[in-house]
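These are the structures in question, set out in turn.
First chain A sits with chain B, and in the next complex the same chain sits with chain C.
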Partner chain A sequence: MSNVLEVNHLQIQFKIGERYHEAVQDVSFSIRQGETLGLVGESGCGKSVTSLSIMRLLAKGTKISGEVKYGDRDLLKLSESQMRKIRGNEIGMIFQEPMTSLNPVHRIGRQIVESLLLHRGLTGKRAADTAIEMLARVGIPRPEQIAQEYPHQLSGGMRQRVMIAIAMACNPGLLIADEPTTALDVTIQAQILDLMRNLASEHRTSILLITHDLGVVAEMCDRVAVMYAGKIVEQGTVRQIFHNPQHPYTKGLLNSIPKITGERKRLQPIEGNVPSLRNMPQGCRFAPRCPHALDKCRVSAPEFFEIEEEHKSQCWLHA
Partner chain B sequence: MLSFIIRRLGATVIVLFGISVLTFILIYAIPSDPARIIAGQHASLATIKEIRHNLGLDKPVPIQYIDYMGRLFHGNLGTSFIYNEPVTQLIMSRLGATVELALGCWIAELLIGIPLGIFTARRARKPSDYVVSALALIAMSLPVFWLGLILMYYFGFIHPWFPLGGNSGFTSLILPSLTYGVTGAAVYMRLLKSSMLEVMNQDYIRTARAKGAGENRIIWRHALRNALIPVITYGSIDIGTLLSGVILIEATFNWNGLGMLAYQAIQQSDIPVIMGTVLLTAVLVVLFNLLTDIVYVFVDPRIRYD
Partner chain C sequence: MSDTLIEVRELRKHFPIRRGVLQRVTGHVRAVDGVGFRVGKGETLGVVGESGCGKSTMGRSILRLIEPTSGTVEFQGKNILNLSKADMQLMRRQMQIVFQDPYASLNPRFTVAKTLMEPMIVHKLHDKATRMSRVKSLLERVGLDPDYAERFPHEFSGGQRQRIGIARALTLNPKLLILDEPVAALDVSVQSQVLNLLKDLQDEFALTYLFIAHDLSVVRHISDRVLVLYLGRMAELADTDSIFSDPLHPYTKALLSAVPIPDPDVRRERIILKGDLPSPANPPKGCPFHTRCPVAAQICREQVPEWREAKQGHFVACHLA
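Our next item is the complex of A and B:
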């Protein structure tokens, strides 16, 4: 199956004070058509930054290098106006904060119509009708009425549905969902995930799902990339990652999830803290927190070792 | 909404009552005698006493206040001591000129300030932002009468494109409006700039970008309306004050408006005219505040007064 998105050796540097610091280092992954890839990691590991760099929505002055291939185009090489034709049209995006992601002074209908106007040239009644149709598709009751309302009149779950309607209005090939359910309560989370899955399978839309919630990953994803301190440390299918985790960080993540079946044991949190951008450890970035760290780990950074087909891990233990 | 307006108008009555008392007290705190000013330097004490009696100035201050308020409730602002004309008539004769000037000045401020606010917000921390902001600071600190005279000299005298003062039609409005606009626009610019910068960091602006909206669309459709609230607040106070007279501009450009009327009334202790103009100012400020609160509802749908 062909890749919809291919990210190769992505590197992102932020300017803090006078110096550039590396937030994302040598990140590579790909998403096939109709597939859902989970990008997992703790807060601050570079997941959101990675997704924003795909859309080229990072603040000016951020250094990005590498390759982000969407189809046969390298998004990092496109002009701003070419990029605008891709945003919201070929790649849709939804964010973590449904409460603040909609413009408070525009009616819901108009916010959906905007995408249709920008990319499909739809105006007037046809655009309004399509917007209402989109609202109905994302499961909003009384769509005609809701289209006339303002964001503050809707609940968080409803607003996230509206965000999905906006992101899916132009039937994008790729949907980037940055922690789409983090701000919602659990029952609503399940509904939103269902909705994303159904819409995506209807249109064979690929999803890049960014989350720190392994439960969401297990539910939604075909493949998983685990990120730590700006690098992908392990990649594989959901089954491989959950049943046969290889990287000590992935194992640590899985051990810190409470289990409701089997013998009850104390949770095992990962000791220590995520390193800050200003002082990244030399060698393997996880070494200072790793229970299995070798002398080698503190000196040189490991490359990927292939565990089996599709499954690879970046750890000297596999050498 | 209607009940909100009624409540606010009710509060207005209390505000106006307070202002009338304060003004009355302040006028009598000034050691000047209107009767003496009317009678002139060489008048005899008897004449002054007679004038004082005729004007009711020999009564105790509280009684004078009650008399004044009694007349006010019948819509009578009294008669000017100096012009011997009803105050209402005096104010009405100057009101047209003042409204013209106030609107001219206000529009000039907005036309200069708002585009510059958007410009400096878009160019924030770039050289062009620093240059424009520095120029705006200089413009803000220019004395109105100095700038007015300079403009008059170059565009009224050297190049006689505009009249040298007086209020005679549209062309005479340009220079005074421009003078006020240049000095007043900086406040609008800074308010809008800081408000725009705050809005541009909001999540919904990122959403608009993710939809593929261009920079112009983001500024005009998404950011501006959200950033306007502080500008509207200041703008309404500003127009309210302008409508009660712009003394410096009126004096510089020999514009016969309410500002000059009030100024002369204060100099001559013309109590009914002072009271009339002060109360008018108060009414205008209160009304424009109310109007602002109503305009908020149309700008930001989250604001409701139910």
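Our next item is the complex of A and C:
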């Protein structure tokens, strides 16, 4: 199967004070057509920054290097006007907080129409009809009326449906979803995940799903990349990651979450805290928190070791 | 059953809705609408429900941080809703609260030492030297370096701040802690550290917890019994194992089935609820859940289900359960 997106050796540096600090270091992954890739990790691991760099939405003055190939184009090399033709058209994006990503002073319908007029060259009437059709497709009741309403009149779940309608309006090849259900209640989360799954399989849309919730990953993703402190530490199919985790960080994460079934026993947390951008540990970035760290881990950064097909882990223990 | 520490009866909190120039009361938001339960000494009662179900309002009403509209809250046999302001302040030594957001609940201009000493100063306890040594021992107990006492909140991570929030709640040696989403803002790896700390502190100081959360896995992990709220009313109450293995209320069933399980091979029958939570200003007639209930019958639309003991120690408000 062909790759829709290919990220190679992505490197992102932010300027803090006088110095540049590496927020993302040598990140590579690919997404095939119709596939959902989960990018998991805790706050500050670089998962959102990675997704924003694909859309070229990071502030000026951020140093980005590497390659982000969408089809045969390198998105990092496109001009701003070329990029505008891709955003919202070929790549759609939904964010965590639907209230801050919708424009509060425009009616819902108009916000969907915008991208249709811009990218699809539809006329006003056709675009308005398509917008209502989109609202109906994302399961919004009374779509004609809702199109006339403002974001504040809708509930959180409804707003996220509207965001999905906007993101999917131009039938993009790739949908980037950054914590799409984190702000929602579980019963609403279930509705939204269901909707995303159905739309994606209907249109063979690829999804890059960014989340910290391992339950959501297990449910939605075909493959998973685990990020820690700006690096991908392990990558594999969803079964490889959940049934045969290799990196001590992945294992630690899976062990530290309370479960909804089975025996209730004491949790095994990962001790310590995530390192800050300003003082990243030498060598393996997880070493200070790793229960198995060797001397080698503290001085030199490990490469990827292939565990089996599709499954690789960045840890000296596999050497 | 262990001795009762706190018993809540028919607790209600209705917020008035005011409209127009004269600010006339045109209706009420029934945030908490007739909630009652008891919590035994040393027990953890988990309170779950979706946003807007009234769980936080309930926690605050119990401490009278929000004055409840009606009902009683008996703490060790004494109704604290009748207490004078001075008596209530004294009573608050026994009952403390930990909030969700460790960024918003610590004063950014106070050092950790000042934050932790404040309760002792308010209650005129100990001299200065004893207060400081108590601060240090509390910091150590919650897993922070005592030398951090002179630092400010912005120098700490979310997990460390939540430890400070817990230490502050413990300064006065309370019997009851109301924990309002104490781990919701934390990363998974840190969340488990704080949950373990809460368990250890409970054992060490014989604390009673009212643990309010929306995350069902967390509630299951920490609670002895669980109360499920929906739209300000009680849907179900039972010991943790019964709630999770044999839920009776259709809402509890839907809630449980909606939780994503971190195992790609587990595929469950999912009950997807239609629609959103109705407004508590205008709750549905009859059973508050009937508008979203997959099994609602005619009686559910007409009559409010009574709160009954369906099995030993397992209470539910549903006509059909």
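What we mean here is this: the second predicted complex is superposed on the first by the 318 of 319 C-alpha atoms of A that agree within 3 Å, B and C clash if a C-alpha of one lies under 4 Å from a C-alpha of the other, contacts with A are read in each partner's own complex, and residues count from 1 in each chain.
Simple rule for what comes next: a contact is a pair of C-beta atoms (placed from the backbone, for glycine too) under 8 Å apart; a residue touches a chain by one contact, two chains touch by 3 or more.
Since we're looking at a predicted model, the values are computed, not measured.
S.K.: Should the pairing of chain B and chain C on chain A count as a clash or a fit in the superposition?
M.R.: In the superposition, chain B and chain C stay clear of each other.
S.K.: Check the residue A:R87 against both partner chains and state whether it touches chain B (first), chain C (second), both, or neither.
M.R.: Once the two structures are laid over each other on A, A:R87 reaches chain B alone.
S.K.: Contact-wise, after the overlay, does A:L253 reach chain B, chain C, both or neither (first, second, both, neither)?
M.R.: In the superposition, A:L253 touches chain C alone.
S.K.: Between chain B and chain C, whom does A:D185 touch in the aligned arrangement: first, second, both, or neither?
M.R.: After superposing on A, A:D185 lies in contact with chain C but is clear of chain B.
S.K.: Just checking: does A:V217 make contact with chain B only, chain C only, both, or neither of them? Give me first, second, both or neither.
M.R.: Second partner only, chain C.
S.K.: For A:L122, is the partner it touches chain B (first), chain C (second), both, or none of the two (neither)?
M.R.: The answer is neither, since A:L122 touches no partner chain.
S.K.: Considering only touches as defined above, state whether A:R239 meets chain B (first), chain C (second), both or neither.
M.R.: Second partner only.
S.K.: Count the residues of chain A touched by chain B and by chain C, then name the partner with the higher count.
M.R.: C
S.K.: Looking at the superposed set of three chains, what is the minimum CA distance between chain B and chain C in Å?
M.R.: The answer is 6 Å, the least C-alpha separation in the overlay.
S.K.: Jot down the residues of chain A that show up as touching in both complexes, chain B in one and chain C in the other.
M.R.: none
S.K.: Under the touch definition given earlier, write down the residues of chain C that touch chain A in their complex.
M.R.: Of all residues in chain C, those touching chain A are 50-51, 157-160, 187-193, 195-196, 199, 214, 216-218, 220-222, 240, 244, 254-266, 270, 272-273, 276-277.
S.K.: Within the complex, which stretch of chain A touches chain C?
M.R.: Touch residues, chain A against chain C: 42-43, 155-158, 185-191, 193-194, 212-219, 238-239, 242-243, 252-254, 256-261, 264, 266-271, 273-274.
S.K.: Which stretch or stretches of chain B touch chain A in the complex?
M.R.: 202-204, 206-214, 221-222, 225-226, 299-302
S.K.: Using the touch rule from the top, collect the residues of chain A that touch chain B in their complex.
M.R.: By the definition above, chain A touches chain B via 55, 57, 81, 84-89, 92-93, 95, 97, 100-106, 114-115, 118-119, 150, 152, 163, 166-167.
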